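Mind having a look at this structure? Questions to follow.
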């Protein structure tokens, strides 16, 4: 908020002192500019003309700079008329006679050619490179990496359960860190075909609000999730895949828990210690649809891991959430290395699986 | 906010007057309940015991009702000890001696068995039934329906451009209603391979901030989008597919527009009139990633269309957005019939196409 | 998604059978309608004319119904010309010759006059009645109610700390339920004037990232939060106010916790039991800026409390969050009675305090 | 996503070559550290011991570095036992024997002491300095600045109408740029006391869905908003204040408009031209609750304005919205200078007015 003091460009610096005059060309038809016109930004822009530097009037972005009898003016292309002369060039560093002064406005570390759109790192408008994500997972699996998956209950709730099961079966999951609810919903789905009483197509079922309590009760009666899998009660899903493939998992208790299921770490510190034993091995982490667990695990993860040759290498950390907020919060809690994917967990799992299948067939 | 006055159940009504005593069973092991225990909600719940109706103490949801020497109490299952007796049953209408009184709390129109989770109609946590969506599209195409697609620029920005092109080519798009920006980004992508200067993998390019202005300038030089397609300048993408397949489109101008491109309706009322000529034919509408255009078109759309036999039938209206907010706003502006899909536009298009391809192969 | 079968109105029902002809009036000037014109919705609308019921063509909302030689048509007011005749009336139940058929479209429970805007219960666009909220708090305090406040760390983080302290000092807080982080940030603020190393005006401080760890360490050295207050180390803020006024508080541990502070319930089940001892007394609950704790406490709260005379009365449950999502999720987890306030926690506390101060002066 | 190659620190650089040995101190009681312990981040951290640089094992943030017989290890403070020795110091640049290597991980432009929390510029968790905002407005008014306010309809919808009227009356508004809906809601409120048929306390009214159409119709009958004010029909609110105080306003038409009111610029390019005539004078801009208009005006605004002495100075640009998304989008469309306030428009106006009143009394 506090206004910065403006520091003007140093026009005596060699690059600017040697700058040529700006070049101008005439508009050939109303509202149509010559190719190679200079397209403005909203930053102070100096134009070399008649041996001096001028700051055109009425500055704004996405416009042309027009020569008027007395001065230079910034004008929308559609308003230009045939014969008017506009400044030409792509360079913003003075080398074609136009200098965009970023220093005073975008902070000291910026150089020329720095004005741009889409500079947010995390945005629903930024394309997700699923090919590259898939390639990274395939590569980690190939060279014996250790991928930690952190999951929120929406993953089960919203039908990504089968896709997650597939990733476990295919060997892309080396540890799962989550809360009681992920296991509860997954086991409710295995026994009753519902999550929180809602069918897999999103419809409520009669008496559905008690089904997760009945599912928990049955597992408690058997004594453990492992026993529920062994007994055949839990014959599909995430927990079934983890147990049958002997993948380590840590389920942390929380103040919200129903039940809980047997095997949950109800003590937060015991849960942290158990998770940390997994995070120290991580060569990559995929955090999906859980603010609480993403930030918890983010706190435990280093920004790097050390390769066989002892060289630190950045630890791939992918955070998937419906809104930018969780990714920004994760970064604001220190996990600067997180790469954000802003989408629905269900669709993420589906598309990622599609690309991993494609990448392994190739 | 204003507290309602409580209206107690009418215990003289036949259903309640004839209600049996509630049934209780003993807990066989600590923290494990008998199958068929009554699972509580947070609503006033009356239990028939000793010829009278009791309201158990300490009410809350997801618990059991336990018989104590003096009274009935609501207790978490994990806290129950062997031998304690809990109320049994699934019915909430008194027929098994337990009556959940929804009337005073969920509004007058509700009946018994109404307490449930996931009652929001629009939620990122609700599974999207892509099979059904795909089947509806296939069916509309088969019987000659008229599907209107409303698109925001994020659709182009985030790499769904190829999938949208596919839907046009396959005959699922009968009119496209959008703004100037959709066409600008699409044509920038066709000419330069970028959108707002960002590459299709989400990386900024040098001098990229001027590319959309250069793309507009080239189309203005040729005189129309149709001429730009005919000339080969625009050889791929959404506008190319619409023009070559002669699908009607309406591009409305807005206060935000750069350019604009030739053919944009810069007058809002002319744009409304042009869009309305399409909406009167609609048998379905898919609104993606645009609050402005979704609500504008929502205002024009009836909640129904009239079939060949003159019978009104609900008009399928699908609204896809990253957050629940736009869908709720659309409903709050009167388009109550909208079905909300809360996800990223890019992933939506990809997964929908996948299921349409699958559905047509079947 | 699934299309419902349309059920036509029963025109033989007495109300419709006796309905008068619709009344029409001429437009006096281009684009200006007679007062009392009928304003359309998007629902099937039948107009009585010439002894028959007609369904006008080109239906949409916010328009007028115009008499054409052959038929009735729905037209935008701005497009009407002088002399054209439009249908008149406000009633939608047939009593003025126009019948809006809601039944087939808004669900069976709806009656006439049901079409409206802003039907979402929770929306940032819905005005918050702070006078009424303040009056409810003042009334609860006056008659000895028990108000539970559930707080997330954003409350401390974003400068609402002083306002919360004020509510505690003034006797509006009877129990606080929260997590370790609320107390950590509050105590960091008391000792260092920062939260997570950020000053109270939002600027980062040198070495700030370690300050919360140093604050925790100092309290651990003293043995308890109470000792830290007694020693003068913690001389202001939320925890100071709670301790000095002997208000019960429960701080639940979580997988995300740093430290933790002494006195945290690190076991989730012990924490639940401690919270439940407070919720059973609640006559009102205010849940601010915490999805985890709002839903946890929502699960424990009944939808009602029982007054001195034994009559159940709805339990005031106010949920404040930056987005509609948390409030909808709370409702989707069964706390249907929640009233949502969609705003920034900092501003909520400030404005609420302003109105409570005003209300108590009156 | 693409992994960067790691560049190790240059230990021969003078600052590191001359670095002292790190200092260690013993823990005096279980889980309590000596004051001044070194608090870790998640970045590669080198510790000088025995004449060499060591990278401790099991790195993570918010921990201490402990001397083990064989090596150095990163451990949670709560897990330390009496007598264990931990590394001491606050400096991260090697001057106390500990060096945090940011270069390879936070990008090349970063220096030592750069790891921190809350580095997002726009966040609901960042305190808003209303005192400073108010001081800026008061100062702009005092020295004859030109403040442009851009408003979305939520401002009227959510009861901030009176506060906005107050700012106009007090001379803080020098131009208002908005759409048709702001004026429609404001005039509906003046005539009927509702917005979209919802009362000012958020309740629906009978027949309310047609009231905005009736309000528009009455103004159309009178011919202009100015005539509606002069006639007494519109006797309060935003438009009344602007008209009676002769403040310029531009209302742009859009594809969503009802009506529209007379005086709306229905042509987007005419509307842009009219707005640009105001933006060239701006010394500050406040953009509230409108993505469309905020970005449109952001595109027109330079990042600076030129003072009486010809020196460019940054143009204060404040963007208020319910979510971070709109502010990030505004920045992503090139308005990098925007300062974001993430809150409800209604509360923002209320609190800002409170501080401006306080600031002018002082």
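A, B, C and D label the chains in the order they appear, each numbered from 1.
Quick note on the criterion: a contact is a pair of C-beta atoms (placed from the backbone, for glycine too) under 8 Å apart; a residue touches a chain by one contact, two chains touch by 3 or more.
Please read all numbers here as calculations on a predicted model, not as lab measurements.
S.K.: Let me check something: if the centre of a chain is the mean of its CA atoms, which chain is farthest from chain B?
M.R.: Using the mean of the C-alpha atoms as each chain's centre, the farthest one from chain B is D.
S.K.: Indicate the whole-number Å distance between the mean C-alpha point of chain A and the mean C-alpha point of chain B.
M.R.: Using C-alpha averages as centres, the distance is 23 Å.
S.K.: Between chain B and chain D, what is the gap in Å from one C-alpha centre to the other?
M.R.: Centre separation, chain B to chain D: 29 Å.
S.K.: Distance-wise, how many Å sit between the C-alpha centres of chain B and chain C, to the nearest whole number?
M.R.: 21
S.K.: For chain C, give me the residues that contact two or more of the other chains.
M.R.: 41, 61-62, 78, 115-119, 124-125, 129, 132, 196, 209, 258, 260, 269, 272, 299, 323, 333-334
S.K.: Would you identify the shape of the chain contact graph, picking one of line, ring, star, complete or other?
M.R.: complete
S.K.: For the complex, which residues does chain C have touching chain B?
M.R.: Against chain B, chain C makes touches at 1-4, 6, 8, 41-44, 55, 58-62, 76, 78-79, 104-106, 109, 115-120, 123-125, 129, 132-133, 136, 269, 272-273, 276, 279-280, 299-304, 306, 311-314, 316, 323-325, 328-329, 331-337, 339.
S.K.: Name, in rising order, each residue of chain D that touches chain B in their complex.
M.R.: 179, 209, 252-258, 260, 266-269, 271-272, 275, 291-293, 295-296, 299, 323, 333-334
S.K.: Can you tell me which positions in chain C touch chain D when the two form their complex?
M.R.: Touching chain D: residues 29, 31-33, 35, 37, 39, 41, 61-62, 77-78, 90, 113, 115-119, 124-129, 132, 154, 157-159, 196-198, 200-202, 204, 206-210, 212-214, 216-218, 220-221, 258-260, 322-323, 342-344, 346-348, 350-351, 354 of chain C.
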